[in-house]
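I've put the structures underneath this note.
In the two assemblies presented below, chain A is common to both, partnered first by chain B and then by chain C.
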Partner chain A sequence: MSDASAPTNLLINIILRFGFLIVFAAFFALFAFWNPVFVQGGNLMNIVEGSAVLMILALGMTLIVATGGIDLSIGIALDFGAAFAVVAMKSYGLDWFGAACAGVIGGSIVGLFNALLVVGLKISPFLATLSTFFIGSSVQRIFTNGGGPISHRRMPEEFRNLALGDVFGVPTEAVIAFVLVVIYFIVLERSIWGRRIHAMGMQRSAAVVAGIRVNRILILCFVAAAATCAIAGLIAAANIRMFTPLSGFSYLLDAIAAVFIGAALHSRGRPNIPGTVMGVLFLGMVANGLNLMGLNFNTKDALQGIILVSALALAVAQRKARNG
Partner chain B sequence: MQAEAQGRRIVLEIFGFLPVIIFVAVLIYISFNAPNFLTLRNLELVLMQSLPVVLVCAGLAAVVMAGGDDVVSGGIDLSIPATAVLAAGITAQMLSLGYPLALCAAVAFAASMIVGGLNAVLVTRIQMTPLLTTLAMFVAVVGVNNVVTASRRINVDHPWITVLRAQEVGGVPLGILVVALLVAVIFFALHQTRWGLNLQAVGGSRDAAEISGLNVNRFIAQSFILAAFSGFVCGFFILARGSGSSPGVEDNLMLEMVLATFLGAAFSPRRVVTMWGAILGAILVAAISIGFKSMGVNVFWTGLIKGSLIVLVVAFSAISQRVR
Partner chain C sequence: MGQSAFRLSGITKEFPGVRALDDASLEVLAGEVHGLVGENGAGKSTVIKVLAGVYQPEAGKVEVDGQLLSPATPANVHAAGVRFIHQELHLVPHFTVTESVFMGQERRGPFGLAKREMRKAAETFLRDTLGLDVSGNRLIRDLGTAERKLVQVARALIDGDAKVVVFDEPTAPLASNEVDIVMGAIARLKAQGIAILYVSHYLSEITDICDRVTVFRQGQTVGVFDNITADSAGDLVFAMVGRNITDMFPPKGDRVVSDGLQITDFTDGQKFAPLTMSVGKGEIVGIAGLIGSGREEFVDTLYGLRRRKMGAVSFEGADLTITTAAQAVRSGLVLVPRDRRHDGLVLSMSVAENVTLATLEDNAVMGLENRNAARKATLAQVQSLDIRPPNPDAITRLLSGGNQQKVVLARWLSTSARIFIFDEPTVGVDVGAKAEIYQLIEELAGEGACVIVSSSDPVELQGVCDRIVVMTRGALVGEMQADAISVDDLVAATTGASSVEEIRNAS
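Let's look at the complex of A and B:
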C-alpha cells in the first residue's frame, strides 16, 4: 500500500464507521440551514410528536423481527385498535378507559390470529401475516360497508387527550411512545425473556434444544406486538376523532425500514430498541425537513424514498466495515 | 401388509395434490354458480387479466431460484411491480409529450435496468438482504414514478400498445401469445441451459455452489436484472390493460405477485418456488377473483377469500409435508 492512499483509506474508514451518524447530522444541518424554523424547539417537538405512532408500530415490528419473523399485519392491528375503541365509545357509551381497553383487546385478536397461523398451522410468518392482512382488510371493508370512516365527534375529552393533551408540556402521544420504548427496552434488551427471544430469533433449533418454550414465546410476542400496535391505533383515532379503515397500511414500509436501519446499526445486525428509535427519528426528521423545504408532494415522496435506500445501504455498509 | 403400505402411499399422493384439489374444487363450485364462468370467452378474459401478474411472477421466481426461497433472508424482489409502473409511467408521459414509441421504450428500458442494477449492487456488493433492499427500492421507485407522472392518470391510445389487448392472431389474443413466448424463453433459459442450472444450484445451496467454483454473486445479480426486465415488459401490459398509466396500481400488483408466487410453491412436489407454480398461481388467483365477481359476491369479500385461500393451501401443504 502506498503512502498516498493511506489517508484516503483512513477517511473512507471513518466515513464507514460513523457513516449513519454523519448522515444523520448532515441532514440535520442541511434542513437547519435551509429553514431555520427546523431547529426551533417547537419544531423538534413536532418531529417527536409526529413520529409517535410510527415509533409504537416499529416497537411491535422489532419484537417480531427479533423472533426471526416479520409482521405484515401491524397496520391491521392499528385499524382494529382504532375501530374497537371508536365503536365502544359511540355504540356502547363506554368511558375513555373502557374504550382504550376495548381497542387493545381488538388489536390483540389480530395477534392471536397470527399466532394461530404461525404456531398452530406452521405457516411461515411472512405468508401468515400476509393472509391476516388480506383477511383483516376485507373484514374492515365488510364492517364499514366499503371503507367509509366511522366518526365520533363527541368523543370523551380524556380520550381525545391521548393525542391532543400534554403531560407537563410534553404531548401525551410522545409520552406514551416513550413509556412503551422504555418497557420494550427493558424486556427485549435487559431481561431473561429478551434473551430467549433473541436466542430463538438467531437459531431456532438451538433455542429448542436449550429448553426454551419457543411456541409459547411466539404466541406471546405476536399478541404483545399487536396489542402495542392497537395503542398506536387509539392515538390515531383520538387525533382525528374517527376510525378510518385501512389507514394502517401506510405505516408498514416505514416501520420495517426503521427496524432494519436499527438492526444495521447493531454490531451483530440484530434488531434492537435503541436502533429502532434511531431509525424512526431519522425517518421522522427527513419527512419533517423535506416538508419545511416546501417541496411539491411528489418530489418530497421520491426524495424520501431515495434517502431511505441510501440510508439503509450506508447503515449496512457501516456494519460490514466495523466488523472488518 | 403390502396392500396396507400401498394404500398409505396412495393417501400420501392424494395429500400431495391437496392444494391443487382445493383450487379445482373452488373453481367447480364457481362454475356451478356462475353459468358463464367456464366459457372459452371468459377463460380468455381470465388469462388476459392475469398477464401482468404472470410476467412479474416469472421474474420473481427467477430471483427466488437464485437466492434461495427463505422469504426473509433468501432471494426476493418486491421492487418488480414498481419497476413495471415506472416503465409504464415513463412511456405514458413521454408518449403524451409526443415522443416516438421506440424512444419511450428505450428510456423506460434504461430506467428498469438502473433499478435492477441498483438492486444487484446493493445485494451482492453491500450485502443487504434482498427483502429490505427491494422493499426500500419499491418505495423509492414508486416515488420517482409519481414525480414522472405527477400522480396523474395518463391515457395511452398508441396503436402499438392497444394491439397487445385487442389484436388476435389465429383466434388467440396477441398479448397472451407474447407472454407465453416470453415465459417459454425464460423457462428454457432457467431449466434447459447450463446457465439456468448453475443459477438453480446457487439458490439450492450457496456454499456448495461457491465450493464448486461458481461465481455466486454474478448469478444473483443476473437474476435481479432478469426480474427488472420482466418488470419492464409488464409495464407495457399495464398500459394496455388500463389504456394508460394510473397511480396506485403497484400496491395491488405487489400483493398479487407475492401471493401467486408463494402460493405456487404449494403446487410443486418439493414445496419450493418454481416458475410453473408461480404462473399457475397467478392464473388461478385471477380465475378465482373473476369467478367470485361473476357470482355476484361483493368485492369487499375478495381479500377475505384470498387470505383464507393462502391459509388453507399453505397449511395443507405443510401438513402433507409432515405426513410424508
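Let's look at the complex of A and C:
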C-alpha cells in the first residue's frame, strides 16, 4: 500500500515470480561448487538418463491427476510391464517387439482394472488405485513364490538396448522418455481431448453438463497411463535383465511430487506436462547432487524430503502471489 | 437513527485489468435497513469484502461506529459488531441445527460441551430473534432452504454482539413462498435496533423493506435514495443502468408453432410421477413449481443427469433416447443449469475455454486445437451477447453473475441445438441482463427452437412463456395459457391454494 515498502515488495515479487527457477539454479550452483564432477557433461547426461523412468511414470500420473484423480498403482503397472515382457521372452520365446507389446498389454490390464473400479463401481480413484496396489502386489508375490526375481540372462540384444543402447549418442531410454513427453504434451495441452480432460478434472459436474463423456475419458486415461508406466517397466527390465517384483513402488512418491511441483508452477494450478518435466528434473538433480556429496543414505533421504517440501511450499506461494 | 453504523468513503479497489470500485462510498445509519443495488459487476460484493477486511482497497476509509479502522481486518471488523451473511450456505447437511449454529463457537460447561444449554440458546434465538420455530435436534438436510438461511443467520448473530448485519443476495436461492420467511426475520432484526445492509437484484424486495437505498454503477456511487416506496423501482433502475427499462419482457412474436418435443409418461420412479407434456417448435413452455415439487428432478432426468424409469421422448416424431447428458447435447437438447457456478461453468477456465467446450471439434484439425479459431468464435459470441469484460481470456470465476450466465448461453448458442431447457435462467442476474436473456429466449423461439423455462419466479414465467405447466408434490397438475392468467393465479396454483381448474374456469 505505501511507497516506502516498494523495493522490498519488488524483491519479494521477483523471488516469488521466479522463485522456483532461482531455487533450481541455486541448487545447481551449490552442487557444482561442492563437487565439480556434477557439471561435467557425463554427469548431466546421467541425471537425464537416470530420470527417464521417473519421467515416464510422472507422465502417466499427470494424466490421472489432470482428470481430477490420483493413481497409486503406477508402480504396479510398471511391474506388470516388466513381468509380462520378461516372461514373454523367457517362457514363450517372443522377440523383443512381441515382448514389448506383451509388457504394454500387461500394464494396460492394471489400468483397465482401475477403470473398472472407478467407473464401474464408482470407487474414488484414491481408494480404487490403492486396492489395485495391494492386489497387484500380492499377485506378484504369489506368481513369484514370495517375491523372488525372474531373471533372463539371454535377453535379446534389441530388448536390452531399450535401456543400454543409444540413438546418435543419446541413451535410448532418454529418447523414449522424450518422445512420450512430446506425445503427452500434444494430447494434454494442445488437443481437444486434453481440453476435456482438464475440464473434467477441474469441475466434473460442469463437464458432464457440457456434454463431455467423462466415463469414457476416465477409462481411456487409466488405460493410457498404465500402458505408459508399463513402458517404464520395459526399460527397468532391460536394464537389469530381470523382473524384480514390487520394484515400481519406490517411484510413487517422487512421481506424485513431480506432478504437484509442476501443477504449482502453473499459473492456474493445473497439472501440466512442462511443469512435470521441471519437477522430475529437479528431483533427479537433487538426488544426483546429494549422492555426489557423499552423504550417508539416511541423511540423504531426510535432506531430499526437506528440499522437496520447501520446493512445493515455494511453488504454491508463487502461484498465490501471481494470482494476487 | 441518524447516527452512522458504518461509513465507507472514497474507496478504490483495482483488480488486474478492472477497477471494481472507483471512489465509491456507502453509509448505513444505525437502525435502518439499507439497500444496495447495481448491475452485475457494479462492485457490490467487492465493497462488502472491503468492509469485511477481506480486500484491502488502494484508497479510501472504513469507519465503523465512528471509529476509523486502518486497515480494516476481519478480526477488528468482527469485534466492531459487523456480521456477514454470505450468499453461499456453508452448512454441513448432517449436522443438527444446534451444532450448525455453534460450529466454531461451542459453549463449554463443567463437563465438556454444554449441549443442552446450546440447544436452548439456539432454539430461543431462532424463535425470538428470527421467528423460526424449529427443534435444535433437527438435521440441516431436513430443513428447507429458507430455514437453512436463518440457521446461517443465527450462527453469525448468536454471540449477541452484532450491531450491523450485511446480507448478500439472501433470497436468490429461495422460492417465492420462502422469501417471506427471510423478510420477516430481517424486519425482526431491524426492530431490535440492528442496522442492515441488504444486497439484492429483486427490486420489489428492496422497495418493500429498505429505508434508504444506495445505487452503484461501474464501481461508483451514483445515488442515495431516501423515502423508498413501491414506486421507487423505476428510479432505481434508471440510476442502475442509466436508461429506462420499460418492458422487462419482449413482446411475444407471431410464432408458428409446429410439432416438436413430445414427452410421454415420463418418470424417474422416485421424485415425480409419470407426466406427459409437449413443447412445440417455436413455443416457450414454462414449468412452475415450488422446491420439492419435482420440477428440478424432472428437468435433470430429461437431460440425462438422473436415471429415468420409464417414458418416451420424441422430437419431430422421431425417438429421442437420452440416458446421458452427452447424448442430450449430441441430440440437440441443451440445458442452462440452475446452479451455473457448479454445473454450468468450469470456473477456473477462461471464457473462451467455457464457450467452446461443447464445440471443440469445430475449432480443431484432427483433434488439435486451433486456438485462434476458438478465440475468434468466442469473440463473436462475446460481442453479440455483450459479455463484459469483452475478453475471451478472462477467467470465468471473476465475471459477475449475469455475465457468467451469458457465457453458458454463448456455449449453447454456438451449437446447433434445437431444444433449450432454461433452469432458473436469471437467478442472481441484474435487471438489464435479465431483459436481455428474456429477449434471447424469445428470439430462440422465433427461430423455431423448442424452449422450456423452469423457474421459481412467477413473474418471469408469466412474462416470458406461452404456456405454463404446474407441478406440485411430484405431479404435473395442469397447464395454463400464460396470457390468460395473472401472476397471483400462478402463485396460487403452485402453492396449491387453488387448483388449475378453478383458475382456468375463472379466467
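Keep in mind that, in the parts below, the second predicted complex is superposed on the first by the 320 of 324 C-alpha atoms of A that agree within 3 Å, B and C clash if a C-alpha of one lies under 4 Å from a C-alpha of the other, contacts with A are read in each partner's own complex, and residues count from 1 in each chain.
Just so we're on the same page, contacts are C-beta pairs under 8 Å (C-beta built on N, C-alpha and C of every residue); 3 or more make two chains touch, one makes a residue touch a chain.
Note that this is a predicted model, so its numbers are computed, not measured.
In the overlay built on the shared chain, the residue A:133 is in contact with chain B alone; chain C does not reach it.
Legend: residue contacts after superposition of the two complexes on their common chain; A:208 is shown touching chain C, with no touch to chain B. By the touch criterion stated above, A:163 is placed in contact with neither chain B nor chain C. Residue contacts after overlaying the shared chain place A:64 against neither chain B nor chain C.
Within the superposed three-chain model, A:118 lies out of touch with both chain B and chain C [touch as defined at top].
After overlaying the two complexes on the shared chain, residue contacts for A:193 are found with chain C alone; chain B is out of touch.
The partner that reaches more residues of chain A, of the two candidates chain B and chain C, is B. Of the two partner chains placed around the shared chain by superposition, chain B is the only one that A:253 touches, whereas chain C remains out of contact. Residue contacts after overlaying the shared chain place A:52 against neither chain B nor chain C. Residue overlap on chain A between the chain B contacts of one complex and the chain C contacts of the other is empty. Chain C meets chain A in the complex at residues 15-16, 56, 58, 71, 303, 305, 324-326, 328-330, 334-335, 337, 342-349, 353, 357-358, 360-361, 364, 367-369, 395, 411.
On the side of chain B, the complex with chain A involves touching residues 71-72, 118, 122, 126-129, 131-133, 135-144, 146-147, 150-151, 255, 258-259, 262, 298, 300-308, 310-311, 314-315, 318, 322.
Residue ranges on chain A touching chain C, taken from their complex, read 1, 186, 190-193, 195-196, 198-199, 202-203, 205-213, 268-269, 324. Those residues of chain A that touch chain B in the complex are listed here as 68-70, 117, 121-124, 126-128, 130-139, 141-142, 145-146, 253, 256-257, 260, 297-299, 301-306, 308-309, 312-313, 316-317, 320.
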